[in-house]
Amino acid sequence: MVTRSRCYLRSAVARLSISSPLDVRLLDKGMSVGEALAAFNAAYSEAGGVVSFLGKVRPDGDVQALELSHYEPLTLPGMEKLSENARARFSLDGALVWHRTGVMTPGEPIVLVATAARHRRNAFEAADYLMDHLKSAAWFWKREKRRGTWRWIEARPQDHLDLDRWK
Amino acid sequence: MVTRSRCYLRSAVARLSISSPLDVRLLDKGMSVGEALAAFNAAYSEAGGVVSFLGKVRPDGDVQALELSHYEPLTLPGMEKLSENARARFSLDGALVWHRTGVMTPGEPIVLVATAARHRRNAFEAADYLMDHLKSAAWFWKREKRRGTWRWIEARPQDHLDLDRWK
Amino acid sequence: MGVRILFLGPLQDLAGEAERTVAAPLDWAGLLSEVGPVIAEQLQVERLNIACGGRVLADKTSLVAEDGDEIALLPPVSGG
Amino acid sequence: MGVRILFLGPLQDLAGEAERTVAAPLDWAGLLSEVGPVIAEQLQVERLNIACGGRVLADKTSLVAEDGDEIALLPPVSGG
């Protein structure tokens, strides 16, 4: 488990508080995307650039639902370590990394990442880095329901190639 | 000027309407970042990935203000053409490109870009492409006020290198 | 108490259960024989990891689980 | 009416004014002599563009502005 001192930031416009410099969460239902981004932007008003990525369940043909399972003792600590790495590597002012678990339906958010940095290239690369790692190096297992039948999904070869870019 | 048919999208949660697939604006004051992103996310609920970039005036030492001037007959049409190019090149579902003009103070938004695509790499690359071009190939001239004195800014060599990545 | 074995992701379907508790202590050979041939075959796959007490083992064959330990069998991830 | 010349960005400071209206027609040589030596020198810079009637000229020396036209002198950009 990563240890650090946290300070909680609350903005006038955002009803939601986020922790700084890293806010890492596993959510078992819903995701307040708009509020999270508003709170993040407000928390890092001095950052020159803020990048966000929102991943949603694609209504892919006959996909009815998607389920993500995780392993509590590893998944969140792994996301925290990943976020620390991204912060150090890209000199981030801060990052937000939120991931859903459980059953989601098409259009629902799966993952929200936001990065704040002095320069835009760092913010872009950090968000890209976080997503590539969440996609193929975080402790999640995914299955899809099509025509009433659940099927486990394996990481795509492309996901591993994406990850290799950072090595 | 780019011609196209536009449809206006309005979501239940967003008070703001955006045009689809491209929403390109020059704003002479303010920028409703949170509402814009909420409307964009709602408009492209079927996109697998949504990326946003928000650029703000950095409180860089003694910078008191930043002013962006533009040339009406070229600036907005240029942004529209750029957005069309990004949409075609990265197979975007849609994009939002908003840019401020006039005087801004530290912490204020300068530019907001959002991209929606089926796959995350396309959404990331399109936002990156849009920003690189807005930074050094769009019709804006920038000056900064420090200690009461305005000084014109030239594009950094890094900005031109960033642009060359897409050639 | 014994040793609790968790089957994560697709292993759950192969095992037909989410977890099982077996007698302690448990080493690599003991695990292979406890889980049955189908799961045992999966455990040999290089990309399948094993965690014991919340830590992923660098060398899974070095497993030594004591009474009260939790073992997680972690197939290749397919996240986000 | 004449030809309206707009000085964009830093050219505005060099010119000491945002715009000026001069007699039509106006070609490249006429422009250089109208704007004075300081601006004329800037106009020779490759990265300085000229727009006439809302279109950037591929070859600025081919300028031919008629009565009522607007010319914009566009220094290198420094956007976003």
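For reference, chains read A, B, C and D in written order, and residue numbers begin at 1 within each chain.
Just so we're on the same page, a contact is a pair of C-beta atoms (placed from the backbone, for glycine too) under 8 Å apart; a residue touches a chain by one contact, two chains touch by 3 or more.
Not measured: the values here are computed from a predicted model.
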{"item": "Greatest separation from chain B - chain, by CA centre", "value": "C"}
{"item": "Whole-Å separation of chain centres (CA-atom averages), chain A against chain D", "value": "50"}
{"item": "Centroid spacing, where centroids are CA-atom means, of chain B and chain D in whole angstrom", "value": "28"}
{"item": "Residues of chain C engaged with two or more neighbouring chains", "value": "none"}
{"item": "For chain B, residues contacting two or more additional chains", "value": "55, 131"}
{"item": "Chain-chain contacts as defined at top", "value": "A-B, A-C, B-D"}
{"item": "Complex interface listing, chain A residues touching chain B", "value": "13, 33-34, 37-38, 41, 45-56, 58-59, 106-107, 118, 120-121, 123-124, 127-128, 131, 162"}
{"item": "Touching residues on chain A, where the partner in the complex is chain C", "value": "55, 68-69, 71, 73-74, 99, 110-111, 131, 134-143, 152-155"}
{"item": "Chain B contact footprint on chain D (complex, rising order)", "value": "6, 8-10, 13, 51, 54, 56, 70, 72, 74-80"}
